[in-house]
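A quick write-up on the structure given underneath.
For clarity, chains are labelled A, B, C and D in written order, and residue numbers in each chain start from 1.
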Amino acid sequence: MSKSRLETFADGVFAIAATLLIIRVSADASGRALGGALTHAWPQYAAYALSFSMIGTWWLNHHAYMEVIDHVDRTFLFLNLSLLVFVAFLPFPTHLIAEHFHDAGLRAAVIVYGITQTGAALSMGLLWSHAAKGRRLISPGVGQRIVARHTRDVWVGTPYCAAATLVALWSPYATLVIIAVAEVFYIFGGTFFLRRSATESVV
Amino acid sequence: MSKSRLETFADGVFAIAATLLIIRVSADASGRALGGALTHAWPQYAAYALSFSMIGTWWLNHHAYMEVIDHVDRTFLFLNLSLLVFVAFLPFPTHLIAEHFHDAGLRAAVIVYGITQTGAALSMGLLWSHAAKGRRLISPGVGQRIVARHTRDVWVGTPYCAAATLVALWSPYATLVIIAVAEVFYIFGGTFFLRRSATESVV
Amino acid sequence: MSKSRLETFADGVFAIAATLLIIRVSADASGRALGGALTHAWPQYAAYALSFSMIGTWWLNHHAYMEVIDHVDRTFLFLNLSLLVFVAFLPFPTHLIAEHFHDAGLRAAVIVYGITQTGAALSMGLLWSHAAKGRRLISPGVGQRIVARHTRDVWVGTPYCAAATLVALWSPYATLVIIAVAEVFYIFGGTFFLRRSATESVV
Amino acid sequence: MSKSRLETFADGVFAIAATLLIIRVSADASGRALGGALTHAWPQYAAYALSFSMIGTWWLNHHAYMEVIDHVDRTFLFLNLSLLVFVAFLPFPTHLIAEHFHDAGLRAAVIVYGITQTGAALSMGLLWSHAAKGRRLISPGVGQRIVARHTRDVWVGTPYCAAATLVALWSPYATLVIIAVAEVFYIFGGTFFLRRSATESVV
């Protein structure tokens, strides 16, 4: 099967999941109270921005991998669906965090958020490893150095996200800081975090 | 009419319907109660995952058929729309099942779910049969063996889904198990269920 | 400007608007009452199916016109946006009709529905006429007979929809029958209604 | 990285954000009261139409810039994501304005709307300037006159939107008039406002 249709479907899910994040953002108040309610609702915007950039990052990495892949097989299709299940699920825990940022429900919300991230990272790892094993689905012209670097880097995400999720048992705020810092480093640093090689190949 | 535009529209509907599933997922509780509410809401996640993979499977089969089709005609366009009506409808019964999993409304919810699945399977059957009759819309280079196999397999779905729907009159849980087992076999087995030849041609 | 990007954007809006229709479908009841509530909610399904097929029909006609258009200009872009404004608006009056089918609000709901349809038909007429005037945007190879037939047929929609909307002042049910009958004739007849030539060129 | 995938993702977000605007439109009333409620809800339709045309305009400008860009780099990808964050956010303040048009919350709603617009304009400016600096990402065949004109025009949007936002401290209605007038001039005039050169290149 050619990879182009898989990319179209995946691009659709990535773009829709990112755009659907806004549906759950709300700040209900009437009249003069709206200004205060909108200010109080800042976790809604922060959660929206964080999840939007997470989905954008997943999309970037997905493309970095697809660029060196020649074709796809049945297992790859289902691992890809598994990744998309977690991507499309993200608006739900994002909403939970925004709604419960100021109450005791935050821990449970962050754990669901972290599990979703870990599930996506794990799916991404399995997706790439399936493609890379014995260069099964890799384009002939791609250097083995790039494949090896992707293989090394793709597996940083799963333990990182899993550890961040466990930290929520101690402090859900710490989990959010860990995830947000990694995202900021990824965006502005580009030389620090797990997707280094992925972005290099993107550039 | 070239088939590429039809594929773009269909891909859009498949991707959007799958991603919209998350909109109805909810677990409303305040403060410390959220953890329990999230655990109690497991049917929401299960229904989400099941319907997401159903839509992914329909998308896979749709592509398997489109790959051997050369062009489309007016009847094909409307049968395709008919299929998409059922695909886009799926988030509604999915939500009904999730909401009513713990009460007596489950039977009615599962019946609507099963009718939607049966409608999609029937549309898929009519879609393929219209294309395959006398090789009306089939690409010249495609072997008759593949066409015959698709024709045989595409019609397994309708009685299977219809029977599963009828089982809900006895036990809605049994219906869900029948549908979920078929889906799991399809994903992990690939040699068992109705879309065998479809996936072979996908690979 | 090449027409392909406009088609991508328009295809996206058509597919999303059709799929979003399901979001407003609901049937809230608890336990054993759900079966009755789901049966009582039949206007929801009927409105969903009618609007889904309307959007599908608009999409078909849009493609029939785009097929004979060579390139687009600034005015065409804005007329196209105007069409999409009405297409994307349709889920709202569809929901109104479904919600108010059993009460006195139906008249107002149907009038909004009819105005939306008329607006879409009018935009489609202006869109095509702008392209066809002096063959401004028409591909050189397209026969003048096809252009003339499109010009004649595209303007049947506006008075038809406007008249159907006015009928709602007398009976909103009659309006819905008029719209639904036209749609059914269009789908199954193909030789009756306004888009005859459009579909001929589609085939 | 080739620019085509970025365009697909951006097109998806533009189309989805525009179509999602309808989800928040509502007019809840029962029976005979619906007609009055629908009339009273006119700010909902006006806000919908304004935001839909704003997104359409952003999409047009985005394409005008992409047309003269040859390839994209890592910084461009993230500036593009930053633009899309604001585009996808627009349905939220649009809804706030529609809901609070008749009460004292309008000022706060319009300020959020204005900040979103300013953020989008600023992202668009940075996006283009990054591409244009030393013709970093510009296609070789594109005349320097076009690049210079884009550079001059793209930066009109940010102060215009920022100033319109500040005006809301005095009168939120004035802000809406300023934004709507600019949009109307842009659509019907095409020779007045900031995107003049962009649209010229679009045509």
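Quick note on the criterion: a contact is a pair of C-beta atoms (placed from the backbone, for glycine too) under 8 Å apart; a residue touches a chain by one contact, two chains touch by 3 or more.
All values derive from a computational prediction rather than experimental measurement.
A.B. asks: Given the touch definition stated above, what is the smallest step count connecting chain B to chain D?
C.D. replies: The distance in steps between these two chains is 2.
A.B. asks: Let me spell it out: compute each chain's centre from its C-alpha atoms, then which one is farthest from chain C's centre?
C.D. replies: The chain lying farthest from chain C is A.
A.B. asks: Quote the value, from 0 to 180 degrees and to the nearest 5, of the angle by which the CA atoms of chain A must be rotated to coincide with those of chain B.
C.D. replies: Superposing the C-alpha atoms of chain A on chain B needs a rotation of 90 degrees.
A.B. asks: Pick same or different for copies chain B and chain C, depending on whether their interface residues overlap by over half.
C.D. replies: Different: fewer than half of the residue numbers at the chain B-chain C interface appear in both copies.
A.B. asks: So the centre of each chain is just the mean of its C-alpha atoms; given that, what is the distance between chain C and chain D in Å?
C.D. replies: Measuring from centre to centre gives 26 Å for this pair.
A.B. asks: Provide the list of chain A residues touching at least two other chains, using ranges where the numbers run on.
C.D. replies: Residues 8, 12, 16, 20, 23 of chain A each touch two or more of the other chains.
A.B. asks: Could you please write down every pair of chains that are in touch?
C.D. replies: Touch list across chains, by label: A-B, A-D, B-C, C-D.
A.B. asks: Quick check: in the complex, which residue numbers of chain C touch chain D?
C.D. replies: 1, 5, 8-9, 12-13, 16-17, 20, 23, 73-74, 77-78, 81, 84-85, 88-89, 91-92, 96, 100, 103-105, 107-109, 112
A.B. asks: Mind pulling up the chain A residues that touch chain D in the complex?
C.D. replies: Residue list for chain A touching chain D: 7-8, 11-12, 14-16, 18-23, 25-27, 29-35, 38, 48-49, 52-53, 56, 59-60, 63, 67, 187, 190, 199, 202-203.
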